[in-house]
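Written below as structure tokens is the structure these notes are about.
In order of appearance the chains are A, B, C, D, E and F, and numbering begins at 1 in each one.
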């Protein structure tokens, strides 16, 4: 192989408990200066400032570990319900794991925004290249009225859980310009509390996994997703089977699959 | 401040992991002789006689801890889906935490009754001021036929889970006299097993949180709720994020919010 | 009692935490040569070859323990929603716990087959007395396309989760010959991830308990169930309340109840 | 085999995770009227009245499970440090597991007594056949001075941990009449806190396992041990490897080994 | 009682699982301006900057809870090994729980210093009223040589674990001026790893509890302890019996007992 | 750097929870054909055939994670008790992490052998290049007498725990030829049960960490250690702080430190 910077493990026993876990067993390439990849996976291990029980700093490591469960003996993943193989080309070299951030300044540009955490987004909203911010699945009783009022005053769009159930995924994206560059931030607490025992900020009456999956697929079809993150997985507090981290890795995989299955992706990356 | 019996913590760092936890950071006032409060919160830490895994004696303490997650930096709580602030006046002095019972003889008078635990209610049904008993969400295969038959023979009304799905919350209260004094006992196992991993008696095919919330809101509107309790939360066995205790505190908060949002409450407490 | 080989515990305190746990407190009879029983319960404690986190070898023991929660003070179990007592005669002597296998060669003959684990069934499909194989609830992204294609090429019928939602339980059994001998293998991961925190292979977007219960009841009515197993419960990793093992025991109990409530069973066993 | 009341599992796979766990895989014989055994093992699953975290009601079941780790492929156990096999005859039929008590009135007569729990022993001390009571390893700061003073006033002998370190095991038994009938109650919290993570009442500065083992061996040599119990193991709170339950089973095994290795035992039981 | 700011719970059931937990059930008095107390207990719930697994922010709350185990039915605690009751007067009103810090600037003046955490002490060493700093029990391989060299260059005295075993407690205090004001910071990781499963920074080959207890008693006798803290207890990661938090509360209790048993304390506080 | 096969993370935030964990953050180089390293670290993730609770297949991964705690901000590790820095040169490039085995046939040649697991060594003893086998710390009551007798009959030397306490580390090595090539297999259950809560086969009355450390140091000085392994760490069952995995990494680090501090190592590797 030409690029010696890549590390593979294909010649070893291909089980999820084997090997040093990079995301989807992608090659590890921590030197960003020499990085050439269509898709770069970056961990951001921090939970400083967490308001209750900490530990999500270990979230990226746990999702890497659970991602290995999707790769044994194959490239890409097969969805038996759609009868289609996804990420076949991408999981064969186009994805690179760049490790974890030394500091957290790799944030790409952001246009649309889907998130439940209002606090951080007050600053983002002010950036010049950000045209609009949409938050979906809002329902927590823990945030103050002021925070909600300010968010709306800043021009953010808030789609509560009940509004989402009424409008559906299509209703969320219909007001966004088609093919706009869009950054998506997934707070795993958008899912119902019963699905994410290892998420400290979990709330009842959230989305089913299918609702989240379909929302992400709809976004991927309507806009050009230029990046996304997934936060709030706390492996220290997860159940022992690690279902929350698994569901996190599952969500990343399917969203990636949807993004790369779009014609605009094929056109760009052949 | 005039009343030195009250203890506040408002001048400290307002995070859920800070401070000695009273319910919703309400003042602690354990002397019942001098108690003046619209709403008194009392813990009843006991699990003697529990049929399988014990530990719910720590339930009240855990719900107090999780209740702190609703109070940081504000009075009352804001429901973004209804666009309304609840308990604003009440969380500003009307609620008092009176600690835990020395013994368990504080039971207020009881008219209507919503519960799944049939055993204890055979005695309650016989009290002269109790006019009717309704049990909602019944579905467990662990109770004997005799218990069910006796409950019906005593004149109790049993609304099984399937019957509840058919009649809805309104069907439950329609047979109760409007504005009757009503005591509500919430066994958290009325919720689906997936929502309450820290409830030993959890059963599949139970209510969603939304179904329980709406049932409680309907009861609060139709009857005059004079008291309520919430049982069967076992923090020793809960998942590490404490979702069962959190959901318990969440339920208490929302039910309290509904009770205090009724015109009859405003009229009485102005 | 004539048969001294049976061990009962009826004279002791009848609580789930009391006694050496056999399934439903059935008599223990480990000598298969002298076994006379309508229903024999056999554990198969193995997890060799498990692809991720092991521990399901303790599944049978945990389900035995949780099964004791259904038997206190009664024979049979009462379903308050159907208003009917099940297994009254069978739990009074017709069920025997034969312990665990020394080796795993007790597999009875198999005609219809409902399962999600494709790998093991490639060999079963080839057996001469096996006429067809149906797999229900398939949705995992972790299996390869080849495995799915081969399963279909072998003549297996695959009912994905979405197809099941569309066809319903009746659609699953309609293509099977009525009253055909049928062996059912229940992988507990057919249930939604939120219901089975102690199942390593759990997946989102699975069946609710009610969907599984109704499917099993439909199978019991349509075919002659000659045996069944339940796999993938891992008590080492379950939450501390043991809800996954409880749900496993619950499923076995209800399926057994349905099988024995059929006219064909009454005719055979009086 | 003549006695059909006995249930064996010798023909199955002989691993600790296999089979319905009786103590040391001894035959189960729950009918006390027909019981004939040199050594009867009885569980007493209760934790009512426990002062802090409950769960020791599951202690007997957990010790049975861990006892299976000593029996695979052999009778008796071999101590490589003494170069001697113990319980070879006894583990071949002389031990019977009689299940758990329905109620707790099986207490045999008691002469000497070694225990840390003072409360229960105030009543025992008054029994006419009890000549003296000795408590060893006392060090907890949680008991009141009154309790200690009363115990001494009743004529009990208290050997604190420091006194035990000074006198040694021999000093404990020297004041007891040689060959006196002696009942021993082992509270596992006599061991150092570091050894018993699953014991709620654990205290620092306790005995090492070797000190306890040697004390028990010394008692077995000096007196005629007519019965013993072991309490305070809480499997609900133990670490996941179950070391506290294992150490409990280990202690029972070694004490039983010492008792049966005495000449007076061989004389009585051949 | 004159001071209504005090809240007692003496009239309730006196069990550790009952009541809102203040340290040793001391009255809660969070208003520092009106505080009058010989001994004030202050929590400092923070773990920001923790280098590995976080969660010690819950340490103070857990120690408060475990401290309740020492107070049922009595004032003061009785040490059966010394035959003496400690803190009898102090636990009857002289101790006050002042809750948790809003911020962490309550640090009293510091003269001697016993600690293992070198980093924070580089700043303390420079304070004008600090005459010397002694660190005892140092053994971790995780600190850098530079840190050790700098500490020594700053004039700090480092007593490694091996040196402590050689010199004993008396050797530690002999070089300190008798009756000097001394502040003691106890990092619970000074204890052996086997004693503190809920301490993330635990190290093997540490002190036994007896060694720590005797060291603290020796310091209390030799110097005038003007304050002390105890850090690094992580209840989120502790074993389920909470032995690390219990040992923390135990250590605080005994150190307090030793300090108040000194003649200089009696003289000052009568 | 010439060798692009090496992956470093030195430019990132240097905390143990950051980055994809290789042992001691050594470069990952999974291609054994091109491997050039003084010290190669290889994981062997298997627990097939484990006799009780499985999960040690995750042991290597957990030790890698805990090894990161020794490397932040420095090369080598500093032992404050010896006042010496170890592995300074080696941790700067001489150690390579080669990932996990595909299969387990990398076993180097073996002369001396220190281990507690007798079963596997019956085959090793027969290999022509193996001159002697010594097992140290033997004390388990779970092995059969036959196994011990056969081991001795094969010419193995067994040093029980009591014998080790009598002879000391020097007594163990004195009978081995000085400078003989020696392979050491460390079963972590040689340590006392209180130190290794995450080791399923833990036994009471084992070595303190200091005893093990000194034994390994003595072996490193007396013989030429050509390889070593460390087994029986089960992170699935470890306490949440991971002390067993930490102690495993700690042991590997110190043994490596001792081996590389020998004059024979400096001579060979300069």
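Methods note: contacts are C-beta pairs under 8 Å (C-beta built on N, C-alpha and C of every residue); 3 or more make two chains touch, one makes a residue touch a chain.
Remember, predicted model here, so these are calculated numbers, not experimental data.
By the document's definition of touch, common neighbours of subunit A and subunit D comprise B, C, E, F.
Simply put, of B-D and A-B, more C-beta pairs touch at A-B.
Shared residue numbers account for under half of those found at the interface formed by subunit B and subunit C, and the copies are therefore classed as meeting with different residues.
Distance from the centre of subunit B peaks at F, each centre being the average of the chain's Cα atoms.
It takes 120 degrees of rotation, in steps of 5, to superpose the Cα atoms of subunit A onto those of subunit C.
The greatest centre-to-centre gap from subunit C, using C-alpha centroids, is found for E. Work out the mean CA point of subunit A and of subunit F, and you get 39 Å between them.
The distance from the centre of subunit D to the centre of subunit E, each centre being the mean of the chain's C-alpha atoms, comes to 37 Å. Counting partner chains per residue, subunit A has residues 15, 17, 53, 57-58, 194, 197, 236-237, 239-240 touching two or more of them.
In this structure, the chains touch in the following pairs: A-B, A-C, A-E, A-F, B-C, B-D, B-E, C-D, C-F, D-E, D-F, E-F.
Those residues of subunit C lying in contact with subunit B across their complex are 15-17, 69-70, 72-74, 77-81, 85, 192, 194-195, 197, 208-210, 213, 239-243, 246-247, 250, 253-254. If you check the complex, the residues on subunit F that touch subunit D are 51-53, 138-146, 148, 158, 160-163, 193-194, 197-200, 202, 204-205, 234, 236-239.
Here subunit D touches subunit C in the complex through residues 3-5, 7-9, 11-13, 15, 17-22, 28-30, 43, 45, 57-58, 61, 64-65, 97, 99-103, 236, 240, going by the rule given at the top. For subunit A in complex with subunit E, the touching residues are 47-49, 53-55, 57-58, 236-237.
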